[in-house]
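Per-chain residue numbering starts at 1, and chain names A, B, C and D are given in the order in which the chains are listed.
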Amino acid sequence: MPDYAAILKEIAEVVRPLTAEGKVADYIPELARFSRDKFGMALYTTDGQMYTVGDAGERFSIQSISKVFTLVMTIRLVGEALFSRVGKEPSGNPFNSLVQLEYEKGIPRNPFINAGALVVTDELLSHTPDAMGDVLDFVRKISGSPTVQYDLAVAASERSNGFTNAALANFLKANHNLKNGVEEVLEAYFYHCSLAMSCEDLARAFQFLANHGVMEQGGPRLLSESQAKRLNAIMLSCGFYDEAGEFAFRVGLPGKSGVGGGIAAVLPGKWSVAVWSPAINRQGNSVAGMKALELLTTLTGESIF
Amino acid sequence: MPDYAAILKEIAEVVRPLTAEGKVADYIPELARFSRDKFGMALYTTDGQMYTVGDAGERFSIQSISKVFTLVMTIRLVGEALFSRVGKEPSGNPFNSLVQLEYEKGIPRNPFINAGALVVTDELLSHTPDAMGDVLDFVRKISGSPTVQYDLAVAASERSNGFTNAALANFLKANHNLKNGVEEVLEAYFYHCSLAMSCEDLARAFQFLANHGVMEQGGPRLLSESQAKRLNAIMLSCGFYDEAGEFAFRVGLPGKSGVGGGIAAVLPGKWSVAVWSPAINRQGNSVAGMKALELLTTLTGESIF
Amino acid sequence: MPDYAAILKEIAEVVRPLTAEGKVADYIPELARFSRDKFGMALYTTDGQMYTVGDAGERFSIQSISKVFTLVMTIRLVGEALFSRVGKEPSGNPFNSLVQLEYEKGIPRNPFINAGALVVTDELLSHTPDAMGDVLDFVRKISGSPTVQYDLAVAASERSNGFTNAALANFLKANHNLKNGVEEVLEAYFYHCSLAMSCEDLARAFQFLANHGVMEQGGPRLLSESQAKRLNAIMLSCGFYDEAGEFAFRVGLPGKSGVGGGIAAVLPGKWSVAVWSPAINRQGNSVAGMKALELLTTLTGESIF
Amino acid sequence: MPDYAAILKEIAEVVRPLTAEGKVADYIPELARFSRDKFGMALYTTDGQMYTVGDAGERFSIQSISKVFTLVMTIRLVGEALFSRVGKEPSGNPFNSLVQLEYEKGIPRNPFINAGALVVTDELLSHTPDAMGDVLDFVRKISGSPTVQYDLAVAASERSNGFTNAALANFLKANHNLKNGVEEVLEAYFYHCSLAMSCEDLARAFQFLANHGVMEQGGPRLLSESQAKRLNAIMLSCGFYDEAGEFAFRVGLPGKSGVGGGIAAVLPGKWSVAVWSPAINRQGNSVAGMKALELLTTLTGESIF
């Protein structure tokens, strides 16, 4: 077994300078307030060991990483029926593109582009009495952190600036692929994106995807083995917007990134991992985070390929 | 270790009826001549065991599976410099689309769409004195089959009907992403696609990708460990045209399909596999072949996820 | 001079059977209530003669024909500065397409596709204290009909079903090409589209475009000669969605159609004309109306070409 | 009647400085050899008066203006049946785009984009024993200039660099919208584009389009009145690539431009006109030529609108 503690330490040293590259997301002030100097990483093995380095305990806005949680919850509720409303093919376009959605008549390409996540949220809303509370409960349970919270300032700010997402939601509604009201779906969506979690929280929360669907040793099963495998497949194909191929090529792990600079990923059978550094590249993925995960698979010699 | 022999036998029984679905490619008569009843499968473990079922020893037109061989040869010659001329992102479009190529100014999205393979062929032509002979030698070497051959009738027929590929090659040339002559590149490309191999040939030939770059136990290294990992990543992201996500979702193996009904895939560290059944779906992938590989990962419980 | 009275009579006879073709717009019930049997036509010469046939005096929902009125009002206020926010090229896409808008970074192709009309409305809102009242006053003045009104039921119904327009407005806002609030612009836009006018009203209201910018003999100048010419050019290039070429080809007049089945057009120096029949073709243009105008130019031997 | 001689003189003075703007086409050396200082203009009235200024007698490469001649010849042979193979809607895309062609399954948007002209050439080839000779004869007849010639150096150079056109022709063939051989169609197409004519030649050759289909006073009818009107409509909608709207807006005449810097246009019932200045803008239209025609309609107060 690799010496994960030493490897995380080495990674942190190597990637620190990269925190100077890229750009902290600033389309809302609440995201711009994070210092670009931050870097944290947490690796959690399937036999229960947690390794951390840097700012692994500090909470940040997980943004699109939340799409994994709502997707899992929805699959638990409706199974693969969901995939009549949303595809599972990589997009090859920016996460917020309307072009593909129009060509494909309102069926989003996959659940991780914004249009797809809006459809997932809509489906979830149709099956849970309290989507806001239920998502929070679920994330607290799988992360083992009862203090995980929505960041209301982030949610409110996204809401008042979210014109592209409003365009997508209205277009879905026009194409009869939104059951609930446009405003209702957008509000839930922005809440979910505003979840504040640390690398440690995320590494724990993603553990069940490293563990073939079971939460932890002796914990409850959240997804069937087949569902867990399929969710990992979607993360690998679609988890990094129009940089999914690049991430598979350089890193070789199923994962999901967020515009807040976080990335969570798993190596099935071995570990889950989360990394955070606020400055992102043009595709919306953390510069230092991408490099940290590339180093992790290189230094451990472990990847899915 | 799973009982591969029994599993292959079970798979063959289950998928036989599926050979009645889909459509044998008939855009050239030389492909239409194969009977849709054919089904073969060969699995070759990294410790040297070969398991076969059905028509695993019969040769067929491997078509686009050859793109893996020319890509590997080119990477051996020029390394990652190749990726300044061709991307590595999934395409989300049919394999022969011109649209993406125009939007992206003549840089094909990845090496497995036709435009990308033409660029790879072009690069190969610039570095080998005899691209036709060298590719044949390489494939014979890695498959251990000195009788592997081009099917000249297939090559000639593709050549005289290949207007879409000619459109792509001319467009690449217009965008200064083709160094050699249009006709020269097309001719080499059609030759490579015409390679006739069996499932057994292919399972052996793909072994080095299951074996982290090394041909077989004690054999020569063809790619570095990192290169082998990256090639598998490209196969997973891009190996199945606009059905790459579906294949990852259902099967969960890096692989490459061809319009002749063949699919080759690998599970790194464990085995390489090839399957063949001529009838293909609308996306160009073998119907029975896709199902056979899905069953393989389900019944063995083995996949990269 | 052609015998316009006889020609209109002949046209009405010939096109009556065509009212059975096409489909009355039914995306809101308020439009579906019009009988497909209706047909009316009014021709108003620059020397002040009005010729009518059929239901030329009955008011209907002019819908997108209103885009001409708001465009003229905005050009009167800001001149050609408007064209930094909206183009003047034909679109070649359906009137409500988001695709082009994304590729062109939020600058609508022309003022007559919906996105372009939303920008025009937005600019108008920035320069008039009471856009709803001012537009109504202007249309009453140029049509000489003080009883022209908004149809509040139509406006309300469009508002509650207008998800595609809401998508467009939000996307414009996201691209910083909307100065006022999304809701405010949409509300004004839907009001303007709800104007109810008759063929006679429209023939009078379009007179100034047949008259090089002057309202009627001795009337006030509304646009400079150059502005009137340019407005006619935009109508010819862009007035019929993705059927602009077909209309120029068959009819050869600058004009504008609406989904309510109305079309208004002009022959500069000679006359303005309006025609109405509710059933529309797949492109959104009145079937009988298109044919009526084609016959008008054929039977009179008059067109701009 | 305006004083055309004085107006042409004034135009020449005003636009001379504009010959310094834009860029002489240099994708083949034979076009780059023309001096950017050239400016010529010829106006030919329907009552037979010719007015010229500057280099109106010098021959240049008419390039895409030739598309009008082959279209007229083809319509004379097959009538509107041609429009089952090619549309008549404006394109909104660059003249050599493949994107639209793929979305529209190989039916070019109109006869004046390159793909459309290739289809017209193909249709012509199917109906004339000697397309090269017949086109030359036709152009000599309608221009009254028996010395008009192909420029063989231009044709040869286009042929050896015409990769984009070869891509288009192959794509048309792949979509079953080319009856003759790819090479045969390309060769004829490049010959037609290489025609060398002067402004005087062109003004005469376009006269029949100003004259409702009749060549000159007392001359033969080339097109029916309706066909002439429709051809003018196509020129207005589609004659200037993705600048058709701008040209209609600023100039207001049906016309056709070529990358050699020539533009021919007509005012039905009054005159035909040709202008030439080699430097072109980004859309491929002569900078000084566009301005000259804008001034012509402004100073004469004559346009179709």
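The definition used in the following text is that contacts are C-beta pairs under 8 Å (C-beta built on N, C-alpha and C of every residue); 3 or more make two chains touch, one makes a residue touch a chain.
Treat the numbers as computed from the prediction; the structure is a model and nothing was measured.
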Using the contact definition stated above, find the chains touching both subunit C and subunit D.
-> none
Centre distance in Å when subunit B and subunit D are each reduced to the mean of their C-alpha atoms = 47
Could you give the separation in Å between the centres of subunit B and subunit C, each centre being the mean of its C-alpha atoms?
-> 56
Among the residues of subunit C, which ones contact at least 2 other chains?
-> none
Among line, ring, star, complete and other, which best matches the way these chains touch?
-> ring
Chain-chain contacts, ordered by label, are A-B, A-C, B-D, C-D
Interfacial residue positions of subunit D with respect to subunit C in the complex | 87-93, 100, 109-110, 225-226, 228-230, 232-234, 236-238, 242-246, 248-250, 252, 254, 268, 297-298, 301, 303-305
Listed in rising order, the residues of subunit D that touch subunit B in the complex are 97-99, 101-103, 163-164, 166-168, 170-171, 173-174, 182
